[in-house]
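Down below are the structures I want you to see.
Okay, so chain A shows up in both of these, paired with chain B first and chain C after.
Moving on to the complex of A and B:
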């Protein structure tokens, strides 16, 4: 009885599943933000401007030029803050203050989950008049946030729980960002996309420095990063693989890219969240398992990592599109997924840390503008004249 | 010879009938999760922290070590650390169930009983009034 020879798995055999494993949480995040936005803002909500934003939007009668000016100023201020904080992060990482960064990450997750999450739950309770009592509410909120902090902080926790909490943190922060005035949101998105491009690809960019530091030291950056579950290369030999925590694979592998971090300043409290804007994939080691000794093999199976900042900004784009109409939501969703697919393909080609924001955000903004200006009129006219749709 | 084969067949059928695989990996993540030795410390830590009014942590403990909960104690190989693991997971499950039952009794009584049952205290305890009083929802 001859054993069937296993062909070496090609890139194509697993790329579908890998892509799905990263698109599913991104879509879930966007869906939740769209739901929250459409449920909680059916009434005309006045956007009270947050602290670091210059705003003329809420005043009636301000001209387009004023709004544009304020939007640009706000977004430049934001990007400048993020750049400063990222350089600070690089400095801290250079001086090996890793434990401080981890505690800070845990603290900011707690703030996001408890305070932002609590606020959003209170909005929902108000809206639907759910007669929950305060004791139960505080116990549930306390449980939710403490376990969330443990999921983010502890290195070994159920993968499902960690992934769900990361998606939830993304949803909560993205919902709060959709409360910014409209022009500011769009200017901010474009500015962050350009910043991401510069920070990762330029030689002096803070994120590139961070990646190179982490690679040279062979450490992981403490950051909020969503890591997709690795796809089994060989399902049969899966049991023999014991993933060693943090140990890089030996020898002759292609370079291993690690995620990078970026601090995102939340508006209300001046609390920064350490998030990573990049996609990177650890190595896919196809042939290592054959050299295993006594059936125990050491290796790291490939896993795509997407920074939480990307989740947040994608969801902000889709959430802001939802504030206009659902047609723009569909268009922007497709644009973002297409952009994410393109970025993943580029990742497969270049095998280094890449910025995940620019392609998706720029495509998303383009599609939003086109839909709002051109497509909507077309669809509405066709529907009202009973021609199509 | 034949009788031994019969015994082996019976054992195999017995195990297959129960549909339980000996838990080589105690966590629900399989090879990506903890090894049996590390799990005991983790389960113990989760169990103890759960007493700080954290039933959800007990539930996470049960979810994480689900294969251990499902398998029967006789399935474990002798002297494996999994025999020490299982009591913690079991107690977490019991604790979670008890706490959930108590909390739901209180919450449902509050919701369904409402004002006729509690009187004016209901208005003081219900969340949207507490939020308004503490000014939690006004400042976005």
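Moving on to the complex of A and C:
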């Protein structure tokens, strides 16, 4: 080649940027959870996990049927609590108690960052024998949490800080969820996926009511939502078209205080109603025409928003896969990203409220089962004989 | 043996792929999406293969032919999946061209198409390295190492990392050759890819013999070098042809 080909920037450089801006933080969240789980899992296997209502799983020797029964009961109890709390949220929103919700959101972010974050940092300090005294630790933790609350709450911080703190909150909550017993985790994930599907698409579903209320009043839902792009205050006042929403809540996590546990956490709907597994593209009205792209669904305006509940449940799935082996982690990661891509395509296609959890979670569970049952034996057989293709 | 050696093995298997990713793929978001989808494709084909072969594993005989059959069917299936991948790519190209016309931007040029083919191949290569080498690397981060019975000269992790490196290169550049072959219709390109893939896979059968990996692994790297050379020649020829055509019109 005599001279380098100087081509004008083609289509390929600009398409797909929105999707990558959502996939990158989701991947970062999952990566952090996998790292935390793999570093801390060997040391914390003796701690009692937080028990939700029923737990025969942690006892060794209980039969599969007992485990399954307890898992189902726990997950049904959880979903029931979530439904109740979401209806409560809709009620509060209806009566315009928005400031109460915002203060509650700030309070729960503080609790997550300070208490859950502090606990995990203590695990890490213990594992790596980091020399730090308690006064310094408390000061640093307090500062960290307060900055986090401000970043999430006020919209005047640098967007990178807000995004990082949101991802961190997702990581912390997801890590604690992975400490549930195994069958309960899987049952919970599937139950939440089905709940999300029902709550958003059924006419009486709480999330659909919430979205319609917000749209009719032209207000934002007070929730922890990850935005892929900064929204300036001017466009925020325009009418928004929410694509989907799903509100998750942690039910009552009552931990029995056993001698070796350090903390009794009775969190009632902690990061709860406030972290919405929500996926939407905030389109300003006059850009609607350009957004009607068939099949690809890549609008030029509109930052994609994803609720924090989605981050959390995706990471829980991957974290639980990490407790088995890394092959399942890769398979589940690819499945979740594929599900997210499919959901985004459906979003551009259907142009209405869509839940972000079901497709990814169901694909993730499917791939986990397939990998564990089929793939592992095959790949181990081939690789240990050094046969590859 | 330690964290350092674990990371080292991972980088041996994935180093060139990582540098390709950072320099080429990470610049254009669309290519990242292509990478993820081609990785997914490869994973699905692998799952289907493992489902088909599940009943016959673990292979208990020490003879050669079950393994040879396994490799042959796997390579055949993967080549069929590659053709399917190409057909999907064609549809994608049409959609992108239609979108480009609608927003009045220039259509896809040759370098774009080559980049998409390269990324598709990179996805396959990365998936191969991840599932065959990286997923078994967890013990390498611990305090000891592991030697396979038939290959006592190098740790198992090192051998599998080098083999994965060879296959990553083969997968990446075979995809470019294959796409060019299917688009241009040249028979030599179209036939080259399955043959090289088959040769490389059969080469790993040499590893079954005791001490065979000393011969098998360098041969595999040689096959990877051949693929690189062929791809380089083909792309050079094509780009010159394209440039001549552009300066003529």
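Here is the rule we go by: the second predicted complex is superposed on the first by the 304 of 389 C-alpha atoms of A that agree within 3 Å, B and C clash if a C-alpha of one lies under 4 Å from a C-alpha of the other, contacts with A are read in each partner's own complex, and residues count from 1 in each chain.
Assume a residue touches a chain if its C-beta (ideal position, glycine included) is under 8 Å from a C-beta of that chain, and two chains touch if they have at least 3 such contacts.
Because the structure is predicted, anything quoted here is derived from the model rather than measured.
After overlaying the two complexes on the shared chain, residue contacts for A:87 are found with neither chain B nor chain C.
By the touch criterion defined above, A:341 lies against chain C but remains apart from chain B after alignment on the C-alpha atoms of chain A.
More residues of chain A lie in touch with C than with the remaining chain of the pair chain B and chain C. With both structures placed on the common chain, the touch criterion links A:383 to chain C but leaves chain B unconnected. Within the superposed three-chain model, A:110 lies out of touch with both chain B and chain C [touch as defined at top]. Of the two partner chains placed by the overlay, only chain C lies in contact with A:20; chain B stays clear of it. Contact with neither chain B nor chain C is seen for A:153 once the two complexes are overlaid on the shared chain.
In the superposition on chain A, contact is made by A:330 with chain C only, not with chain B. In the superposition on chain A, contact is made by A:137 with chain B only, not with chain C. Overlap of the chain B and chain C interfaces on chain A: none, as no residue is touched by both. Listed in rising order, the residues of chain A touching chain C in the complex are 1, 5, 7-8, 10-13, 15-17, 19-20, 23, 290, 293-296, 325-327, 330-331, 334-335, 337-338, 341, 367, 370-371, 373-375, 377-389. Within the complex formed with chain B, the chain A residues making contact are 48, 118-119, 122-123, 125-126, 129-137, 139, 142-144, 146-147, 150, 156-161, 179, 229-230, 238-239, 241-243, 268.
On chain B, the positions that touch chain A within their shared complex are 24-25, 27-35, 38, 42, 53-57, 60, 63-64, 103, 106-107, 110-111, 114, 125-128, 130-131, 136-137, 139-140.
Interface of chain C with chain A (complex): residues 27-33, 36-37, 39-40, 43, 46-47, 49-51, 53-54, 57-59, 67, 70-71, 74-75, 78, 95-96, 99-100, 102-103, 105-109, 111-112, 115-116, 128, 130-138, 148, 150-151, 156, 159-160, 163-164, 167, 197, 200-201, 204-205, 207-208, 213, 216, 239-240, 243.
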